[in-house]
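Both of the next two complexes hold chain A, though its partner changes from chain B to chain C.
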Partner chain A sequence: MNELLIEFLSGFTATNEWAAILPEILLGVLALGLLGAEMALPRSQQTRWIPRLAVWGQVIVLVLAFTCAGCCSFDQREYFSGLIAQNDVTQLMRGFFLLSSLAVCYLGKVYFVRQSALPKTEFYALVLIISAAMMLLVQSAHFVMLFVALETVTVAFYVLVAYNRRSQFSLEAGLKYLILGALSSGILLFGIVLLYGIAGSPELVASSHDSLNYTQLMHFVIPNMDNLIVKIGALLVIAGVCFKIGAVPFQIWVPDVYQGAPTPVTAYLAVASKAAGFIVLIQLVSGPFFGLQDFLVPVLSVIAAATILFGNIAAVTQRNVKRLMGLSGIAHAGYLLLGVVALMRGVDWAVYAVIFYLFTYLLASFAVFGVMSLSAAADDAIQELDHYQNFARKHPFLGGVLACGLGSLAGIPPLGGFIGKLFLFVAAFQASLYGLLIIAVIGVVISIYYYFGWIRESYFSAPSTEVVNEAACPSTAGDRFLLGAFTVASVVVGLLPAALPIIR
Partner chain B sequence: MGNLDTNSLFLLVAILAPLVAGTVLLFGARFSQTTIRAVAAFGFAWPLIIGLLLYSLFEPSLVGEYNFELRLPTGLESIGIYLHLGLNGISMPLFLLAGTVGLAAGLYAMYSNADRPHLYLALLLFMLGGLMGTFASVDVFFFYFFHEFALIPTFLMIGMWGGAGRRGAAIEMTVYLTLGALLSLLGLIALYVQSGADSFSLVELRNYLSAQPLSETVQNNIFALLLFGFGILVSLFPFHSWAPKGYAVAPTGAAMLHAGVLKKFGLYGLLQIAGPLLPAGGEHWFSWIVWLALGNILFIGLVTMAQKDLKMMLGYSSVMHMGYAFLGLACFSVVGAGGALLLMVAHGLSVALLFMLSTCIYHRSQTFDLSAMGGLASKAPALAACFVAGSMASIGLPGFGNFWGEFTIFAALAETELTRWIVVPAAIGIIISAIYGLRAVANIFFGQPKGDFADRLESGQITDLQGFEKLPAGILIAGLVLIGIFPRIFSDDANRELVEMYPQEQSNLPVIHSAVLPTQVDAHKEVTH
Partner chain C sequence: MIDILFYVFAAITLTSALLMVVSPNAVNSAMCMIVSFVGTAGMFVLLEAYFLAVLQILVYAGAVMVLFLFIIMLLDVDKETNQILKDKLTLAASIAGFALLVVMICSAFAGGQHLPETSLLPVLENPTGAGIGIPFTTSAKSFGYSLFTKYMLPFQVTGFLLLSAMIGVIVVSKKHS
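== the complex of A and B ==
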């Protein structure tokens, strides 16, 4: 049966461009299907069936995206007159986004156990739509495609961040994300328009009619790299992307939004949204802005240094763990920028180093966010370090998962995060970024303080008499399996990096 | 890959056995005490057994290469990293040291009444596995990887089973050691990138760098990264402040393995990697090493004398003795490096012994305060004898391994005009260590018992060393005496290797060679054959 299906699909895909984005289409259909199912199913059955439908539907899409010929090509190919370009990077990232939306759906299920008054179906539908849009975002090879996909992601996130409408924190976060998100979209769009205008000007050499196409723009930028408008346009586009990845000085929204958003959404923002931003950034600097390296390398280097230092130093004093994850996530964005700068300095494999790091970051972050979701009290936004006192003694399993996740984020062998950092550092070394490396090392040392401070709370507290947070963490076998799988994966990737076949 | 022999699989077993036993114990919350001890004993015993076996199979003629080579891909081949294991004349002694101290610490820990013993033993086993891997690695990346791997259990053990002030000490130690480790990692990556060898294997790096040495500036910079990175890990003055505090609160097993073995990682790295690969860098930083090492010896020596707390005193004294090893290294000669290696091994055994005995003393006196004890020898003669032996070894009395180490280092320093003056301050250090060592012995074991301790002594609650305390102490003392009498068991292989790594055109080499191996030792050697 399965073979028949694959045969049918491969025949279908050989002749039809739409097949190239079959996984995205299926995700969209699944999202609509969920909304339909909500109407069709009786209310009592919805809580049971809708999360299952979302999770298993994604599993099928994930399997399909990596087995079905035609929609899993690792070769460089263009579709829809250059709107979409697929290569091995985009294929890896498809898997990345599907994995993260799967995990987010599962965390959502855990979250709704405690927030049972909230509507549920829309949550899953929006997560799926975001996943599809992010997959399109990293495949876009045209600024129009980029902007449309990006706005789909952002608008859906506006809703998700403010999803817990009973919580003031969530509403405040939603508003902040809306205003700053709109601002960043405006900046991005303004940059795109400037580039469009200047690249379409017939006075200049290599001007183009289709100047929003990445390839066309690249050919235009190389001979015009000293043009001021080109530089300003590129800078504004980069600034818009930097908002999404939370790089300094565009990080201002991160702590509040991360704290206020429901924990699964925070995880989604921290992992998938950041990853999408980085892939877009990489595609921009190695595509249309390839000619602007001399101009952009210093800019991004300064941003990377500031991001690493700001994220780490600001995280040291945090007592709220969601804010802490947000600020430390800024620091991780800084390390990743190291890889981007290395790529711009001619170390080609740095792009795989970045992707490897993103995957290890996904594994570690979802382990930590999973534990946070399970141990959250009634108010999701108030999760303090003090709540974790003696956590490991009460919940040895969750304590172990938390410790491994945090250890991996801190970059401690034998966990995956360490190998990720190793690749980035080697790439940065090959690009001779010595100053940035020293700053990265300082950042990692600072990060030891707060990550291990968290482990310290959970492991080293004396058995206390007062019970601060007795949410009891009712973890089911499924929760344990998922979190255990993330932890084991972190360890396996750390011991045997070949398990994650990204860098060959 | 060609010379893969079955013996090399033993190396892998020596690393994996503790790790497997540790993993089993991790889930052993419901095991009975006997099961826990049996599993732990399995993990603790294999490294030493295999170490001794491999020592007997060691092929000394393979100078410049490694015995028991094993090379496995792990997914990092694209940047030239393989799990490349092997032993040479320099790593063999340390491999055995790790096995010996590991067994002693394990035996002691198995019978100590820690809360959640399965977890404690599991972490100790992880640490041991990491240590075995560190000294068996030919690949400098895995050398670093295993060290970090061993570091994390230390942090957890200090935090969970440490004494008063453990939370602060654990974080301080971890932050400090991570800084050191990352600096040395940068140094190692720099070696990889700059050498152009496209490999992290020490063999290939050595081949490349001996063919085309790096420019002097590059060597100086990389050497600085390695010196200060490794220096922080070895508590080089003034980066030592984590060590006494950390050791003072650490549970016994962690203190024994860390002070005894893990701390030697940095020195080993300087000896095996930095010295031979970056000779010009070593020359450039020579005076820095000497002055900082003298800081260790004299400044920390005086601080040690002022300590009132037994464990703080031991912690500081272990920092102080590292100064001698640095002085030996600073010579960058065969003799100096050989002396440093001997001292590292002997010091590892003696400091582990002293940390263990200090806990034994605490169990009897309920205090670490030196001024609140006295007269313990009358009730615990075996404990007194062991502690005196440990202190004497640590001071550097002939008959114990430390003597040969310090003696050889002095000989190396006296060798050239440039370093001769250092002998005087270094010798003053010996006197300082004699003063605090003997004073501690006198305060604890002799004289009139004071205060509460007198009552405890009178009431007859105090027993001598028990069997489970005697056995590890016996193992460690046996090791110390063995090296004290036959330094040759290590120094021969090490010398052959070092002559290759530190090529010197000095005509006086044979003279020193005979100084390392005194005639009486030769006589013994003949008898044994």
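== the complex of A and C ==
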């Protein structure tokens, strides 16, 4: 009995290759190390060393992840008895999440200069844990792994959103995100449970022993695509994911949470959380829900159209820049959904178009959020467009970075955002989604209006108006280097799309 | 026998759930919720999911509800003075909910359509395909085996989930110097 048992259990553990998730483990250890360092270091040294430890530790992990990615193959491989699957997309997204958490740590350092009373170490630790959990999230090939990783990300985000507990906005945002996030997790879990139950039922054809595994579920769904419970389960899972990316029927939380959260956290939510949601969505529609295309394509098309229109139209009247970034982020989610729908219609390279767009979105967003962090006043939640009057004249460098970032978000030709949108639209064209394309182009035209309204405010507003925002702090050489790097990268990607090794 | 027990536990669960919703006193509500949880645990026992039943009692009826009661008593929640249907929205929501219930019951039992009655299959010897070495049981032991072999990675990630929740509680609730 005992030998049999050991043999059986070792069959399960044979594929537990911990080395395959070394970057995630290192990030987790780094997060724990930061908490330990806070206890070990004297109080006077903490503010100096802990941000450095966080940033340089991540740089080391990033270098390591790239060297690992260079030598190992990009083919689909499964680990941990099918819980995790790695391929070229997950390797790229590792780099994406590391870059964004690196930038968020840096923005956090800028943020804490002004909010010096807040605890600092925990912020970096949580950012690192989120980054590691997102990497696992995009690698998961099993609903158990998906849910655990997703909850880790979400719970840590609840904390980060409510991080500035002395600000009413932050607490309100934290509460809203907690309640709506818990609701969406519940919806997602209900969908998963329905699928688990129906796919495990031995009465149906192709029922499976391990019915939460993506591959097994895909083999189950294809012959059972007309089953009502399969459809409801898939719809609930998609709804749960749409909550995380802020697509339209589930977008209510976005403006308030984006406004109340500390600016670095807003950036993290806007870029990394959305990216993780989209990669999960792509994996779901091309994996377990592959057989449900006839049912899901109309649903997601309607969501995409509504998302593009709602995000852009709601952003036009917005005066608070954080809310504006949130609402325009909804619109960007709509464009990305275009790529997902194109993928479901059989355009395989749409995956890479989505990832390319996410990278250009990362570069442009962090440039804009960097400027916002630097120029924010003491109250982080109240950043109005009026505060940016004459901004570019006082801070020519920051003004230039802002203009480039916003231009890229709007999709102006020499910048990266244009190429990203172009790839997505070409993918949609190949999938003959003409109606959606027209809506997307209308959306882009509207978005140019409000993005350029912001640029106009910073460059061409009347010089006599009183200046509300005196707190804009002088940027250090490091800030200039980082923001400059993001801007240059945006331009380079725009001029030379092959600089990103995504679309070949 | 099991049929009778099922109806007994179902009645306990539903009655106490109803009492929990309509009770004006928060402490009484919490007590009714405990009874409702115990009723659900009884259902699990009937399904021979003993481990789940014990967890239901320990975690929900025990730990979670103690927490609830602590908070209710610490905050000293006043007795809700208003009537249950205090505003139009609540009234509308209740009516809609009951209408839905009526529709579902009617469509389930009346008019030729009734609930699909699938014949119960004989109990599978090995429903998860995992019984090469271990017989399939619902005991805590078999949960432990798969938790520490197949589901090792999610188990570890859960540790980080709890850690970040703990950090969060400290960060958000601590008074800053």
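The rule we apply is simple: the second predicted complex is superposed on the first by the 481 of 504 C-alpha atoms of A that agree within 3 Å, B and C clash if a C-alpha of one lies under 4 Å from a C-alpha of the other, contacts with A are read in each partner's own complex, and residues count from 1 in each chain.
In this section, contacts are C-beta pairs under 8 Å (C-beta built on N, C-alpha and C of every residue); 3 or more make two chains touch, one makes a residue touch a chain.
In this text, all values refer to a predicted model and were calculated from it rather than measured experimentally.
Participant: If you stack the two complexes on chain A, which partner ends up touching A:203: first (chain B), second (chain C), both, or neither?
Facilitator: It touches chain C, and chain B stays clear.
Participant: Kindly classify A:425 by the partners it touches after superposition: chain B alone (first), chain C alone (second), both, or neither?
Facilitator: In the superposition, A:425 contacts chain B only.
Participant: Please work out whether A:129 is in contact with chain B alone, chain C alone, both, or neither, and reply first, second, both or neither.
Facilitator: Second partner only.
Participant: Identify the partner contact of A:349: answer first if only chain B is touched, second if only chain C is, both if each is, neither if none is.
Facilitator: Only chain B; A:349 stays clear of chain C.
Participant: In the overlaid three-chain picture, which partner chain does A:162 touch, first (chain B) or second (chain C), both, or neither?
Facilitator: Touch partner of A:162: chain C, not chain B.
Participant: On the A-aligned overlay, A:497 touches which partner chain: chain B = first, chain C = second, or both, or neither?
Facilitator: It touches chain B, and chain C stays clear.
Participant: Just checking: does A:413 make contact with chain B only, chain C only, both, or neither of them? Give me first, second, both or neither.
Facilitator: The answer is first: A:413 touches chain B but not chain C.
Participant: Would you mind checking which one, chain B or chain C, touches more residues on chain A?
Facilitator: Of chain B and chain C, the partner in contact with more residues of chain A is C.
Participant: With both complexes superposed on chain A, which partner does A:481 reach: first (chain B), second (chain C), both or neither?
Facilitator: In the superposition, A:481 contacts neither chain B nor chain C.
Participant: How about chain B: which of its residues touch chain A in the complex?
Facilitator: 29, 73-76, 78-79, 141, 145-146, 148-149, 152, 155-156, 159-160, 166-167, 170-171, 174-175, 178-179, 182-183, 185-186, 189-190, 192-193
Participant: List the residues on chain A that touch chain C in their complex, please.
Facilitator: Answer in residue numbers: 1, 4-9, 11-13, 16, 21, 28, 31, 35, 80-81, 83-84, 117-119, 122, 125-126, 129, 132-133, 136, 144-145, 148-149, 151-152, 155-156, 158-159, 162-163, 165-166, 174, 200, 202-203, 209-210.
Participant: In the complex, go through chain A and note every residue touching chain B.
Facilitator: Interface residues on chain A, with respect to chain B: 349, 396, 407, 412-414, 418-419, 422-423, 425-426, 429-430, 437-438, 441, 444-445, 448-449, 452-453, 455-456, 459-460, 495-501, 503-504.
Participant: Please output the residues of chain C touching chain A within their complex, sorted ascending.
Facilitator: 118, 121, 124, 127-130, 132-134, 145-146, 149-154, 157-158, 160-161, 163-165, 167-168, 170-172, 174, 176-177
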